[in-house]
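Labels for the chains are A, B and C, by order of writing; each one numbers its residues from 1.
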């Protein structure tokens, strides 16, 4: 991805463009509105002035007379410093005035006001005209009063407001650009959050993303999820391949074992029986090794990204114990379970597998009719699962030997086992930032402790 | 006991059927999920042994759909040993699972454990003296009292009950009782027979020692 | 140029002048070191105005000044008639305003025009540089034994009660000929009803009518008049300051002041616009000073420091009202009825 294609910058730019258009538009509208308002104000005042003057018209001694009302001119002077023109005419005859501003105007009908803009002395002049009929010598005489004003005030007010609006528009634009940048970054934070959510995932976590995302990001999520799905499918295919391979091996092994058991019942000679037992043991050993190898691979893979789920070790112990109970029953081995709620952070499946391997070893190596005890407790900020048996013990070899691959205790004799069990347990515990301890169980048997930091 | 084995591998299925029949159980075999459905529609089973990889689908999906309809307990036979896979089978309603290849003694133990957990299954009882022995879940009672039997004593009793009236040699007992991962001596058999004999006196039954040949259960 | 003809015709008609040459009262040329001359047409006496010219030439010795004095009506008529001057100064605000409004003035702006308060200018066309109240002047001798009036009401009462003393001894502007007199009269009439009562009282006392403040003040100081009403305070102050003028008192009424702004415009006919602007700047700089010092014409600040009830006469279109021929005719009719009764 090159910096040029930064979505944030493009978004900011786009929003800024929108802001610019809005700024110019608002400026134009305010300016236009101001101009119209100023013009309307002037028109109103011109109309009022013309009307006030027209109302002052009267007939006296056979002639139309007029005393210009002071208020009319006072009004005109109040809004702006504009030049004022007025003209009063009876028909075509000028009664009074300071400029012929009615020259090009058509007299409005009585009672109406006419507004027009003319050019007088090279300046635009707004003119309001009112016609009133005066009875003079019993004869109606129409008198037209025109009041005009230059438009400097209007442009001044309009320009003033336009300038103010311009400043506001620029301020708005600057603010909008700032906000755009923030908005762009905020919107993209969602994207970042999703990216981080993807980044935090372990390689094996191929569940679809369920992160709440703005609907605009939905296509991205869909694409991402379909990618994850394809990845998961291809990974599942390789898992399936391993599984299929295991199936291919294990199924014939199972067949052989079943047939061997049947044969064992049917053969009479001790030699034959012995051979059958050997076959069965060989099958068991290879299947157990295959299982542990696969378990170990899985553990190694999962241990790279241990999630921070809350896991109660008591529950883990219960599940593992239940799973091994029937196996233990075969040898009349009692599994004593004592637990208290002990929550650690980690991967339940891994922890179960660690404990099951330890427990499996304990059951496998214990003589019949003995007991294995599983204890879960908290101590000094750590959660501990201890599995003690009354098996042959560890002998004198250093502890590390047992947790290295394929090492078996010295005293296991004919018991089937690959020696991977403790390695798996150790890997799991280390991945959970814990330790594993092997001790002699008070003279007879082994005591394995998985020690994990509490949640 | 009546089992339904759902397994597509013909050889394995035959071997398993043969092996289970040795213990006196009835087994029907289905090679696909479709056949399994047919079987389940036609007969009642005490237990289903279900392979997960079948030509017409995944056994776990079958589990998920079966579960509402049938109360028959299921033990999954899996060739996989991937950790999450095992848990998955349980989560989807299997009562237990066992990894291929399996020890039939262990399978039987698991079946019994499942049936005992489920309770309510059809009873398959035999009289031993004044006691009643439930072959399905392995309980021995006199009246309302349960005579506690340890696992090996129970399996020994089963062997005697299934071979009622026969004299069983120590070798035969060793073969039937034990899995093959440990050396079991014939002396051990004497110990278990001694214990079982003691417990059966309460029920008025007895195990006769036939010198030079083996043992025989009386009273069933 | 139809509108010019129209305007000229209207102007002549309204002021009742026939077409004749400018009536010059005073004229003086001040040579500069350079060839350029600023031609000024003004209503201010040379005596009162000369300090401005001196100040100007001190700053710009290269510019010559030609100063012509005439009456406000003459000044108006001349500019409307197209006479070529560079600066036009008048005490008749209304006529000055009308010139600016009707398009005879040139725009000018500078740093100094920007500094003028809004009431002292109208657009960039007309600029005030003095503010001068109308006052009454009384002869100490002829007024002896009478209280000095503080308001116009008191003046009316005094005049009514002592007709014998004031007959033929009152002077005021002949508003028909004096532009400033007409401006003061119309503004006063607009502001207060007392104006017409006072006019009637004065009318009964056979008032002497004058064209200019100077003559009225002369007659008071020389004992020919007991009272001169509505004279320019600035002139009165100046006369009072001269030696041997102790027999005169100035009355500024408390009820309201009628304050005139002396204004300048640059006419459209200007030939030396740059120099005209410089001259305006000199006047404004002087007008914007805070104290009068020994100048005859007071600064603009004079009308700020005095507490005015109405402020100076406003520069704006209302000044057009009484210049309208119909209004002027009506006002003069009323005035004549009041002032020239029964004689």
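Heads up, the rule we're going with is that a residue touches a chain if its C-beta (ideal position, glycine included) is under 8 Å from a C-beta of that chain, and two chains touch if they have at least 3 such contacts.
Given the structure is predicted, the values throughout are model-derived calculations rather than measurements.
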item	value
Graph class of chain-chain contacts, one of line, ring, star, complete, other	line
Closest chain to global C-alpha mean, per-chain Cα centroids	A
Farthest chain (mean CA position) relative to chain A	C
Distance from the mean Cα position of chain C to that of chain A, given in whole angstrom	81
Rounded Å distance, chain B centre to chain C centre (Cα mean)	135
For chain A paired with chain B, centre-to-centre distance based on mean C-alpha positions, whole Å	55
Residues of chain B touching chain A in the complex	9, 11-12, 15-16, 18-19, 22, 53, 77, 79-85, 87, 96, 99-106, 109-110, 113, 150-152, 171, 175-176, 178-183, 188
In the complex, chain A residues that touch chain C	65-70, 73-74, 76-77, 81, 83-86, 95-100, 120-121, 152
Footprint of chain A on chain C - complex, ascending	2-3, 6-7, 10, 98, 100-103, 122-123, 190, 314, 316-318, 320-321, 324-327, 330
Chain A residues within the chain B interface of the complex	239, 242-244, 246-247, 249-259, 261-262, 264-265, 270, 273, 277, 280-281, 283-284, 287, 290-291, 294-295, 298-299, 325-327, 329-332, 349-350, 352-353, 364, 368-369, 413-416
